[in-house]
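Chains here go by letter, A, B, C, D, E and F, matching the order in which they are written, and residues are numbered from 1 within each.
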Amino acid sequence: MPYVNIKITKEGATDKQKKMLMEGVTQLLVDVLNKNPSTTIVVIDEVDTDNWGIGGVPVTELRKISK
Amino acid sequence: MPYVNIKITKEGATDKQKKMLMEGVTQLLVDVLNKNPSTTIVVIDEVDTDNWGIGGVPVTELRKISK
Amino acid sequence: MPYVNIKITKEGATDKQKKMLMEGVTQLLVDVLNKNPSTTIVVIDEVDTDNWGIGGVPVTELRKISK
Amino acid sequence: MPYVNIKITKEGATDKQKKMLMEGVTQLLVDVLNKNPSTTIVVIDEVDTDNWGIGGVPVTELRKISK
Amino acid sequence: MPYVNIKITKEGATDKQKKMLMEGVTQLLVDVLNKNPSTTIVVIDEVDTDNWGIGGVPVTELRKISK
Amino acid sequence: MPYVNIKITKEGATDKQKKMLMEGVTQLLVDVLNKNPSTTIVVIDEVDTDNWGIGGVPVTELRKISK
């Protein structure tokens, strides 16, 4: 019954990619800790780049700078 | 001043139902731990079913399977 | 499969009281949203009063003031 | 590498204000704990007022009452 | 710069197992979303079995029942 | 009524420093968003360095490498 929360910026992750994350994390918990996959919850939060700051700078700006 | 976070999938919970959850949890904390209701915070996160996985499968797919 | 996180200060909640919180929240989600209790997770975080601040003041100090 | 999560109600915080929060928290962690700003993450969650309850009452209603 | 939080019950996960979880999740985010591993944070919360409830029952009790 | 969660590694932050973080964040929310300090909650989580990974490596190991 592990609960895993993955926070990423909202930058176009597809449903397929999100499913791959869910599958991968769930399998990892089976392999490493022998957890029951059927009660393993994975929740993905996609955060606007205006709402995610690194070093005090919103990712929206960091993306512009790095272009 | 308890802080309670309720995460549910985004599947049509009405404002009235969300208020019932807030009232119920707040009253529960009064009854069980004698907490001050006026400083009890309840935050409800409604998560897209594409972003909530159980057993590595997004709830969106689980819903289709169970139909 | 709701996930509920209850954060309270670490001030002596007994195992019995914590179980009452788990039972109460789980039943509330059954009653209000018809959620499946067997996949409802409730996690209680008990936080040191030195690590919980209100109005910028640690609860440890607030408790001393209110004595 | 601190991780800071700021939860506020969704009531019109501008991008500029959110950046000020990111800058301020990051600088605070430098000043107080000498943390490395470049690996300090600040995530701001803006929560609908229907989903934030105080004393069992959604903020949406509290706002109406206080008008 | 993803932030991943893994919540498991405190039931003896070794440092080596916890490192395997960190490595696995970080690599998964590289493989699936091409994320920069050097800014990927993984935090593992180990929760007392008295503080983790499923179906309203603390895991401590569930473990006794299942023995 | 903002809720702020600061996660740092458990590396000796003093009560005084934690109070400074609480005061600073609370004042910041007053200055930037005119929030009511008396209902602003700041919770600090101090995480074991074995449980905090960056780039897949526990901070415990990173600290040894950087010595």
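By definition in this document, a contact is a pair of C-beta atoms (placed from the backbone, for glycine too) under 8 Å apart; a residue touches a chain by one contact, two chains touch by 3 or more.
Going by UniProt, the chains are A, B, C, D, E, F = Tautomerase.
This is a predicted model, so every value here is computed, not measured.
Counted by residue number, the contact pairs of E-F are over half the same as those of C-F, the matching pair from C-F, A-E or D-E. When the interfaces D-E and A-E are ranked by C-beta pairs in contact, the top one is A-E.
Here the spacing of chain B (Tautomerase) and chain D (Tautomerase), counted between their Cα centres, is 20 Å.
Chain centres here are Cα averages; for chain D (Tautomerase) and chain F (Tautomerase) they lie 14 Å apart.
Chain A (Tautomerase) and chain C (Tautomerase), compared by their mean Cα positions, are separated by 26 Å.
Chain D (Tautomerase) has residues 1, 3, 7, 25, 39, 41, 43, 52, 54 in contact with two or more other chains.
Within the complex, the chain F (Tautomerase) residues that touch chain B (Tautomerase) are 1, 3, 39, 41, 43. On chain F (Tautomerase), the positions that touch chain E (Tautomerase) within their shared complex are 7, 47, 50-58, 60-61.
Listing the residues of chain B (Tautomerase) that touch chain C (Tautomerase) in their complex gives 1-9, 13, 17, 20-21, 24-25, 28-29, 31-33, 35, 39, 52, 54, 59. For chain E (Tautomerase) in complex with chain F (Tautomerase), the residues that touch the partner chain are 15, 18-19, 22-23, 25-27, 37-46.
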